[in-house]
Each structure stands twice: as structure tokens, then as C-alpha cells.
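Pasting a structure here, questions to come.
Chain IDs A, B, C and D follow the sequence of writing; residue 1 opens each chain.
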């Protein structure tokens, strides 16, 4: 019983609650109705408090309705539509975050997922709209192209790190910018533009190149989500059950010992960045062959950066990352509904998300706030955290 | 067949109370001092003038387009207005799936649109041509400049028109006014890479001024505010620099440096948007594209306001002549980025 | 007889041999061959004008006019000579001296500039403007990386520079607008930076949360918070909330009349001068004061510092807060100097570039300063080139600063050694 | 800063008296110090003896204000004090030289000495000149030869040791705690340090001395306190015999000697010829070494840390970059091969620093037990690893090597030092080897486990594997070796037979070649009959 009260699960739940409260306060403070009623707060405080409650709760209800279950939906499909939307958004996020997590486990801080997604998406899209191949084969090649594109871009970071010692943080940041400019350029040349148009937008990918919808045309959710599940499983297997994962984890937690045991640290850097890039490239395919179906300069949205937070929240474990990805997907999907239904600016979602991560990362703070007893085990061992991330 | 007709019968005023007009921005948001904002203002005007209800969805990233349009469809909008070519595919799809809803899209048209979509597009180059001519005629240093947010047609169409205007002036007057920041032939020039970073707008503008340009046209939404800052500084420093604003009349909307705004290349989107909605509430929706031109007043050159004296009367009358020539087709303003209908 | 040797440092008296490191010569060789092919053989048949003074400057220097062909050949040949010499030096077991690399770099830049400006439609460039713009672009980066230096030198990884800058910019804009006083805005920026720092400090020092996590998340938090307030509050009434007055430009008499560098260095806003002050204080402070000694000790070997009575976590806390002040000033630069309103995410990733500059500058304030300048230069160069009508597509020009950074980091800097305890929380036994 | 107030000192007239009363320190459920009483008198060397983990360092950390005692009281000159951090302890006149040096490696000597006690000029500017002058002053007084501007990481450990002492002295320490200061010194440096301690004692300082080397303890102590499992077992005079002290420490009779059979050397399958290793800056850290090891023979390398032993062993395993010469194992050249291939060729390797090079702390014990065989059958087929077999392997070796761990899945980093060492040894000895290299095989391991590990090493020899041992513990070298090689500044001073005397080895470790050392030692022995080495 005691364990449940002080346990991690409770802390996580409370962290979410805290973050939602903080976000709610922010929503209420900036609400016009609240501002209006606050002018006579001392005369009738209940008006303002009521308005504040209404503002915050309506926003959150919309958030929930937009991400999990829409009780106002006319059909069952419409009711569960939000959930599928959440999973759709989560798909690229999970893939890219897996890449970031993998790199973390090998001691590298990969800020370059954004660029890797872009290059993966570019290559995948190109194969998707300029080659015309039979069903099955085409999609397969699109996926492969995405993986190769991302892997190249990520591998470059690993290679430079291994060969010259260039810091991966610098190189990966810089390559993000190079990637975006590259795709901006490509979208100005006819090979990437729609015939007869000079807009920086590619033709739609062939039908054969796209992930088929998972539950029919009513839903946006596509087979990319299944691929994301497989990728998560793959990452789990790779990290925990394969020799490569063993090498990567060894390199990440103690490169000296890894070297002494005959594991090449530099090779490890290259391999992990290739894999990280490949996963990010996969995220790119989920965009071009799944949700967006075309290539534009904004194809990666902010997935590459969100992926870092997702990976950290998932403590760099594959299934943790998967769960965190779904959570963030829910916020993203629900945020859209919240904005359209209640006019609450979607940025609030970022605030709530980041507060959740902060609170979850600091259980003692949550315990202090809720006056929970400390758990028995106190001898927290200092963990090296410089580059290994939450490799727990 | 256009499905919204049934709603059109009856008196407009009574009908209008139920009518919902909705808008989805592209990733620039409604405060972009550019087409999102103008379109949004058009919808707001419709709300006031026609008494309709409105809903809005601001997209943060391209991934939001689909869900946002979808949310609008769910919200039972009568008219969904989308902004920018990036929303083209999403609009096309949603329109095909929801024939009972009407759509309008700003700055994009597509032959595959179903007939419940009305494209609202602009031949901006026509007005920019006038601005280029005016700038070339007014420049003291013989150098004018332009830069863009990104190398996309809705931006470069301004730059192409401006370049042609400068060229036309050079030909007419056998002058040699130089344009920095854009080469129409190679379609290559200066771009800040986004529509947000005002600092870069300022730096670029100072670079242009250092290279001798004295009239600068930023085509980059809020980034242009950086140009205004740079021009304020340059004038304080004893230089004589001016700005050509775009989209709206900068003298009215930019909020600063009015005294240095020579003129503006206006794209009067608000009016067009309100018009389209008005026609729809009256049940007269049609899907033929609206093309803003000098002729129909969809695009125009703003007054010179404070700098009226800086522009010679000759130039003013030449501008009138040119405007007529463009309208009549005697002068052809061509841009790769001109809307293909 | 053999007793004297025992106390001598053993390593230093061990016989040394030659470890040949071919990296530098190889890089120099590749670059000089490139120079030969591009700057010399590919030289445009042009003369290139570099203008040193604006027409209305107090002291007007004549323009420098170079023949692109001659300059291309001269620089390429000299570079080749330097490369060959460095090969010989390494073969004979010596190291390539730093000055040779520096001379090489200058030759490369001269050659490159002449070639690239010569290839533009207008082969005529205002050098003073190019440099002035570079400097302006570098200012927030310098503040950001100084903030990073302060944190990391004391053992706290600061990924949150972006957030500090952004919140500084936001606070400056809001406080400046509300009060109508730019200096109030400046003070608010510092406080804003400190607020972000305080969260970083509390979570990473007190709650021992992984510092990278806190940093990354803080950036998202600040982006979300300022974005939210921007769209709800600031946009509702920009005149009231988001039109801060600008900080005045103060030009220092005489000094600001020095040609080329005068207007760049001595015609600044308060924030610009604050940057010099911050740079000087942090540099001198770090390496020549008691505070600096303790800061570095805490970042290298906190336990050793602790055994000598230095309060490790207090030291870290103070430094992180101080870093917030510095980054806050950098943020103020955006809204009080550069432009005069806050925009959503207006720092546009500069915090991450500052982070890169900090690493590139090897955690040294001066190094970070120069790295930021290099970045600013590369950025402004590409703008100027595009303005002059370069034949290179603008998207490739835009890659220039990033590619230059990658080359510099991979080719010239290589492995850098961070403060040993950076990122490692200190827990007392 | 504290100034010495003479009026308080009537008892002895000078220095400070320090008293610990009922000090208890708990780490969670572990009681590291259990009601310890101790009185340290000025002008005395007070030694603490105890097994690994007995609680000596913990007690000293409490005394120095680094740890807060769970119970008990500290009295300085009979006045109770509480220390809130080392600053207070220093102000009270206590200085400490830590077991693990507390020096910032990238700082100069002067910076390290100044830290926390900075002399400043106006505006908080450092006045390092002042510090330099004071370092020179102390250096002259006690005969240290320390350059104030040398960077710590470039200095040999012996000099670093002195810097630590200077740090304490410059802070006017009247009580000096020396926690295992001799662990990394040459016999000669040790002698010098013991001499310095004598001087300090004569100056009225109180010295607490911790060492595992009973000979030294006996040589310098005025009184010896033995601690076992956190409790004081009792005091002993310096004249107590080594065996008596060992028994007090461990609580049972221990055999301090290993009964091994004489070696039966076979064919010389491992040869090193003209091996030179350069450091990244070009120094010859191993300088033209040649030797061979036969099957069934243990070669031990003696020498002070930093004389090329690390590089020698690492060069054999392929971990060093600038290697010339030849290393042959059963006819195959190893120089230029990858580490993985060398391990695959049958080289077992126990690195000198287990937590840095030997183990991945976050990995489970089971994973650490296959750290260099994770990709080979039976533990992996293709890319897939075999968790079942890995677990079975772990079970077997945890039992065989008596690794005390909660489970095979526990992270290796949570194991005690000795147990970590056992994991590394178990891993390396759990497969057929063609060469076994072990650096500091029993560092930080308690007496009982040493016995076991030594037996395993000898057993490896007896199945016919050539064994190379590197140890800074002369006792260990003498005990295990069939032949002894001594390294000094990267050069081989000579290879001598197992029976060579401690004194002779000490001379070689200080840079004398075998013949000279033998001659000088003979001369010295002729002059005075020494007790040294007698107990073996």
C-alpha cells in the first residue's frame, strides 16, 4: 500500500495533474471573461472564479475530446476519431524520438532529428512521386528511401564525430539548417515541383507509394503507425537483445570499458547515428507517405525537436518513448480541437507538456507539493548525466 | 452542382445569423501582417457587416492543416476559407469529401478543384510594376532593392513586378537604376528564409543601404518591420532611405516609420474575402476564380502620403499612364509566379 | 648517486619521439588545391572593389581595388606554399605552428572574398557594412554563449540558452512597453533570464534532474509560454504590450571615428557595450579572480573544491543565475536594439547556435566570442552576396554559415574537452 | 584564518588535541562507523588500521566535515565543535590528504593550493604570486621539490601527494589526516614521506595515518588503532607483530602467504621485442622493451605507477595508438591488430582501474560477465543475444568466484569494489586463454578475497598459460611472480628472479638497473642487518 502511495505511477499522475493546473491557471488568467469579472472580484468573487473554472475546464474538455474520445460525435467512428488522430500525429513523433533515444543510449545528443526527417522525407517523396511502381514494391522502396536518406544525414554526424572528434551537438544543429535549405532549393527545381506550378510543393505521391489507411478512409490513421510499433519493437530488440545494442549501450555508459572489451567506440558512434537517422527518416516517410502525402519545406513540422523531449520523457527506453510519443501526439491532436472549439491558443499545450516532463523528472518536488512521504530507498546514486540522457 | 443554393433562399439578414464563416491560417498565423491577417480581417468585416458567426483555426505547422480543416468541417461551417498554397491539397480533398460545404482559398488555384471551391488569387505583379517604376524614378542613388521571406511564387511575384517596373523605367528614360536583391532572369536573390526573423530583415536592409540602395521593398510579412527599423536608423544617421511596403498600405498598418514609407503594393484581400462570403450568404456562390488585378482594384498602389512631394508630378502622371496600359494589356507584366487559372 | 632523479616529474623527463599528425597539412593541402582551382583558375575577369568607408564618414579611406585574377593566383600560391611547408614541418617531426594556420586562414578568406565578390553581378562591396552586420548578428550569440560559459564552467550544462534569450526578449518588450522606458526593459530582460536560470538551477542542482532534459524542456516551456502570451495578451493590444522604446545608440567620440572598426565597435547601444563589459568581466573573472578559480574548480572537480571549503552547489547556483542575467541582456538586444517588438519564437534557434559557438570556442569566453563572430560573418556574408547578385542559388548561400561551422569544427577544432564535471550533479556524501 | 593561541595548550604545550566520542555514521542501513572513540594527541602519529570498507575513510571524512556524523561528538582541545563542511574543519586546524587526491587536474599547483584559501588583491583579483611564494617557502622547509606553475595532470603521483600536503600545511593545519598516502609511492618516496611526517611531528602536529602497509605503520606510529566493521577493536603499540595486527584487522588468523608450487615453465609462447609506445604528445612512455613469458610462468612487472606499465599492457591488447616493435603470441603478431581480434586470439585482460575500464557500471553483473564475448557463441548467434545462456553463465561464475551481489541482474556499479574486481577476474578467467594479463589484480580487495584470487591466478599458470601481472604492491609481486621485471620511465631496468630482495627491487624501481641495484643492496646489507623483508 505504502509503495503505491509513494510509487512512481502516482508521482507521474500527480505530475500531469500539476501541469494541467498550472496550464489552467494560465488559461484562466488570460481569459477575457475572467478579466471582465475580475474587475468586481471583491464584490462577487464567485463570478471570477466561476469564469476561471469555465475557461480552464472547457479548454481541457476540448483537449480531451480532440485527443481521446469525442462524446459529441454523431457516429461511433466520429467518437473515436480523435484517438486515431492522436495516433496519427504520434507516428512520426515516435519514430523520430526512437532515433533520439537510441543516440542518447550511446551517449550522443542528437539534435539533428529535424534534418534527418527532412532528408528522409525528401528522398522518400521523390521515390514516391517520380517512380511509378506496382503496389507493395513502391511503398517498400519509399520506406527504404526514407530510411536511407535519414541514415545518410545521421551517419554524417556520426562519421564526423568518429573521424574528427567534431561535437555531435554542433554538427547536428548545423545539418538541420543545411537540410532545410537543401529541400527549399530542391522545391524550386522542376524535378520536385508539380507540372505547371512554381509553388514549392511536390506532386502528390503515387497511390501505390502511400501507406494504406489502417481503418478505412474515414480515418487518417495509416499503416505508418504499425510501422512505428514495429520500429519500437525493433529498437527494443536492438537495444536489449542484440549485440549491436549491447555495444551501443556499453559505448554510451562507459566508453573506456567498451574500448577495453574490444568494442570500437568510433564505430559505435557511426552505427548509432546511422540507426538514429534511419528512424528519423522513417518518421519522414510517415509524413510524406502517410499524413501529408506531399513534400513541402515544412514537412518535418517540429517533430525533430519534439522528439528530443519525447525521448527524454520516455527515459530513452523504446517503449517509454512510444508511450511518451502517444501522450505528446494526444496533446498535439487535442490542442487543435481546443483551439478551434474554445479559442485557447495552442501554445498552452507546449507549456503543459514541458511542465509534465519537468515534474515527472523531479519526483521529490511533486512529493513536496503534495506532502507525500519519501520512499524508503534514499541512497540515490549520482548518475552520470552529461550526455547519456535518461538512460535508465 | 453548387449545393449551398438552398440556404440562399429567404432574406439574407435572417439567414446570416446562422451562417458560419470559418478560416484556417497557414503556419504564419493571423498576426503575420500578410495574407493570413488580411484574409482574417476580411472575415471579421463580414462578421460585423453581415452579422455572421465565425470560427478560426490557426495552424502552427503543416501537420495542423488537415486536422484544422477537418475541425472546421465538423463545426458545420457554411464557408471555409483557407489561406495559402500549402493548404491547397487539404482544401481540395475536403471540398471533394464535403460537397455541401463551400470553400474559398486565398493565393492558390488548382484545375482539379471541385466546384464548391473558389480560388482568390492576385496578379500582384501588376501593382508591383508600378511600385518599381515609382521607386526607380524616385531613387537618388540609382539603386533600389528588394528581398523576400522565402523563394515562393506569392513572394517572387512582387519581386518580378518590381524588377519589371525598374526595367521599364530604365528603358523609358534610358536610365541605369540598379535593382539589388533580385534577379528576375535567374529567379535568384535575397531571402531571409522565413517570415518571422525581423532581425534578419533589418540586417539585410542595412546591407542594401550600405551597398547604396535608398528604396527597399521587403516582401516578407512581419520581417519587413525590421526594414522599417533599419530605415529609421539610416535616416537618423543622415541617409535618405525609403520603404515600399507590401500587402496592405503600410502607412496605415505598419505602426511605425510612416514618414519613410514611399508607397505600398496592396493586395486587397479583405474586400475580396468579404465579397465572396457576401455572395455566398446571398446564395450566389460560384467557383470561378477571383483574380485581383489593377483593373478590378484587387491590387493597387497605395498613395504616397507624407512622401507625396518626393515623387515628381511627371512620375505620377506616368504611373497613371502605365496603369492604364497594364489594364488595357498594352504593357504585359509577366511573372513565372503569376497565377495560372 | 641515482637518488636525485626520483622526485623529478617522470613524464617530462621521458625521452620524446615524433608523433606525426598529418591532419593539419592534409586539410591545408585540400584547401589550397581548392583555392587554386576556384580562386585562381576560376577567377572572374573582374576587378573587385572593397569600400572601407561610407561617403559621409569623418575619415574617408580610399577603396581597395583588387584584380580578381591576380589576387586569386597570389593567395592560392601562397596557400599552397604554406601547405607544402606544413608537410615538411610535420615530416621533420615538428608541429605546424598556430600562426601559420592563422596566416593560411587569412589568405583563404581574402582569396575567397575576392573570388566570391568578383563573381557577383556587382563586384563591389562595402567592407565596413559587411563587418558591421556581422557584428550585429553576433551580439546575441555572444551573450548566449557567455551564459553557457558561466554555467558549464561551473558544472551545469546549459541547453536552455535559447529559452533564456527568448524570455529575455519577451520580458524586455513587455516591461519596456508598459513602462515606456527602455532601461526598465533592459532590467526586466535580466530578470527574465534569471527566472529561466532559476528553474534550470532548482531542477538540475536541487532536484538533480538530468541537465539536458531540463534545458531542452525549458526551451519548449519558454517558447510555449511566450507564444501563448503573445497570441492572447500581446496581440490584443500591441501598442500597450508590445512596442517598447529602443535603447539609444551611444557613439563614443573620437573612437567612433576610426575608419572601418570605429562605427562597428564604438557606435553601440547600451547592450552592445554591456557585451564588451560582460566579455571582459567573465574572461578576467574566470581566469584571474577568486570567483573564477572557484567556479572552474567546481566545474572540473567539485569534490576537491568541497574538501577545500568551497560550497559547490551554492557556487553553481549563483553562476547559473548570473548566466541568466547575461543571456537576458542578449534577449534584450532583440527587442530593444535590433527591432522594436517581440515576435513569436523570434530568437529562431540562435540559442542553439550560441551553444555551438560555446563548444566551438572550447568553453573559453574569448573563444566563444570569436566563434560567434565567425558565425555572424558567414551569415552576413551570404546576405551581402545575395544582395550583390551572386550566381549561387540563395538556398546554397544560406547554408554558408552552417557549412563553414561544420568545416571549422571538424577540420580545425576537433576534439574539445569540456569541463570535467559539466553535467554531473554534485551530491554530498 | 585561525591563529594558534598558545594559552590553550598547557597539556602538551603545543599543537592541538583531537577527540572523537561515540562517532556513528550510517549510510542507509549500512553502519560504516559504529560508536568510535579516538583521541589524537599533538606530536604523535596515530595510525588507523582496518580492512577495506572497515570505515576508516568514512571516519576521517566525518572528522573533516565532509560527512555529518549520525551520532557522536568531535572535540578540539576538549571543546566540542560541529563542522558544517570542510571549511569549518580547516578553520579548526584540521587538514586532510584524501585517499583519492582532491586536486583539480587541469589547474596548476599554485591554483590548487590557492583554491578555497585564495590570496587576493583589490577587486577579488587572485594574487597567485603570494601563493607561489608560500609554496616555495614550505617546499624549502620540508624539502619538497614542487614547481608552483606545473599543471597537476602532468605531475607524477608522488609530487601530487606533496601538493596535497602543502595544501594542508598552508592552511595552518595542526592535525593532519593522511588517508593511504603511500599507496601510490615508490619505496623511496615512501621513505621520504615518512621522514616528512617525522618533521611535522617534531613541529607539534598531530598526524592521523592510514595505510594497509603494516611495515610503514609499524615504522612511524606512536599508537595504532584497529577498526573492524566500523568498530574500534583496540589499540596496539608500534611494536606489535605483523601477524598480530593482521589478526586484529580481520578477526581471524590469516595466512599472509600463498603456497604455490614452483613454476614449470614450458615453451616461450609470448614474446615482446623492442616495444616502444609513444604518448599522443610524443613521449616514449614505453621505451624499447623486450622480454618473453613461457607457458606456465608468471611474470610480474613491478614499478611505481606512471612508469609505463599501463601503456605496456594496453599496447599488448591493442589499446595504444603509437606502437612500434613486435608483440608475438604463439607466433602471431599482435601489433596493429584490433582489440577485438587480440581478445579473440585468447588474451585475457584485467585492467588496472576496474570501474573505469573493467566494468560498465550501469550494466548488470551478468552482462559484465560477458562484456568482451557478447557477440560470440554461445552468448550470441548472429546479431541475437541469448539471455538464457547469459544468465546461466552469470549464475555459474557468481557462485564460483563468490561474487556478493543481490542478483545477477543488479547493476555492477552497485557492487562493492572487491566484488567488482571479482566480476572482472571471473570474466577473464572463464575462458581458455593463451595469455593472461592482470593489472593490480587485487587492488581494493580484502584479505580473504586476495587469497582466493591469487590462487586462481596461479591455477591459470598451472594449466599452462603465460601470465603477466602488473602490481604496484611489492608484496603481491613477490608473492605471485616466478620472475620480476621492473619498469622505470618506460625502460626495463632488468628481469630478476622471484627471490630478489625488497630493497633491491626498490632501488630498481627508483631507476637503477639490476646489477647496480644488486651491488648497492649488498653494500647496504653489509653495513647493517635490516629487519626488512624478514617476515616473508
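In this text, a contact is a pair of C-beta atoms (placed from the backbone, for glycine too) under 8 Å apart; a residue touches a chain by one contact, two chains touch by 3 or more.
Protein names from UniProt, one per chain: A, C = ABC transporter permease; D = ABC transporter ATP-binding protein.
This one's a predicted model, so the numbers in the text were calculated from it and none came from an experiment.
Novice: So which one's got more C-beta contacts, A-C or A-B?
Specialist: Pair with the higher count of C-beta contacts: A-C.
Novice: Based only on mean CA positions, could you tell me how far subunit A (ABC transporter permease) sits from subunit C (ABC transporter permease) in angstrom?
Specialist: 30
Novice: Compute the distance, rounded to whole Å, between the mean C-alpha positions of subunit B and subunit C (ABC transporter permease).
Specialist: 37
Novice: Roughly how far is subunit C (ABC transporter permease) from subunit D, centre to centre by C-alpha average, rounded to an integer in Å?
Specialist: Centres of subunit C (ABC transporter permease) and subunit D (C-alpha means) sit 44 Å apart.
Novice: Do you know which subunit B residues sit against two or more other chains?
Specialist: 58, 151, 193
Novice: Going by the touch rule set out above, which residues of subunit A (ABC transporter permease) reach two or more other chains?
Specialist: Within subunit A (ABC transporter permease), residues 181, 184, 188, 345 contact more than one other chain.
Novice: Pairs of chains that touch, anyone?
Specialist: Applying the touch criterion to every chain pair yields A-B, A-C, A-D, B-C, C-D.
Novice: What does subunit C (ABC transporter permease) use to touch subunit A (ABC transporter permease) in their complex?
Specialist: 23, 157, 199, 203, 207-214, 216-218, 220-221, 223-225, 227-233, 349, 352-353, 355-356, 359-360, 393, 395-396, 398-399, 401-403, 405-406, 409-411, 413-416, 418, 422-427
Novice: Flag every residue of subunit A (ABC transporter permease) that touches subunit D in the complex, lowest number first.
Specialist: So the residues of subunit A (ABC transporter permease) in touch with subunit D come to 241-244, 246-247, 249-250, 253-254, 256-264, 377-379, 381, 383, 391.
Novice: For subunit C (ABC transporter permease), which residues count as touching subunit D in their complex?
Specialist: Contact set of subunit C (ABC transporter permease) toward subunit D: 2-3, 5-19, 288-294, 296-297, 300-301, 303-311, 420, 428-429.
Novice: Contact residues on subunit A (ABC transporter permease) for subunit C (ABC transporter permease) in the complex?
Specialist: Touch list, subunit A (ABC transporter permease) to subunit C (ABC transporter permease): 26, 30, 109, 111, 160, 163-167, 169-171, 173-175, 177-178, 181-182, 184-185, 188, 305-306, 308-309, 312, 345, 347-351, 353-355, 357-358, 361-362, 364-365, 380, 382, 384-387, 389-390.
Novice: Across the complex, what residues on subunit D touch subunit C (ABC transporter permease)?
Specialist: So the residues of subunit D in touch with subunit C (ABC transporter permease) come to 61, 64, 66-67, 85-88, 90, 96, 98, 101-107, 111-112, 114-118, 120, 123-126, 145, 150, 154-156, 158-159, 167, 186, 188-189, 192, 276, 278-285, 287, 306-307, 322, 489-490, 507, 510-512, 516.
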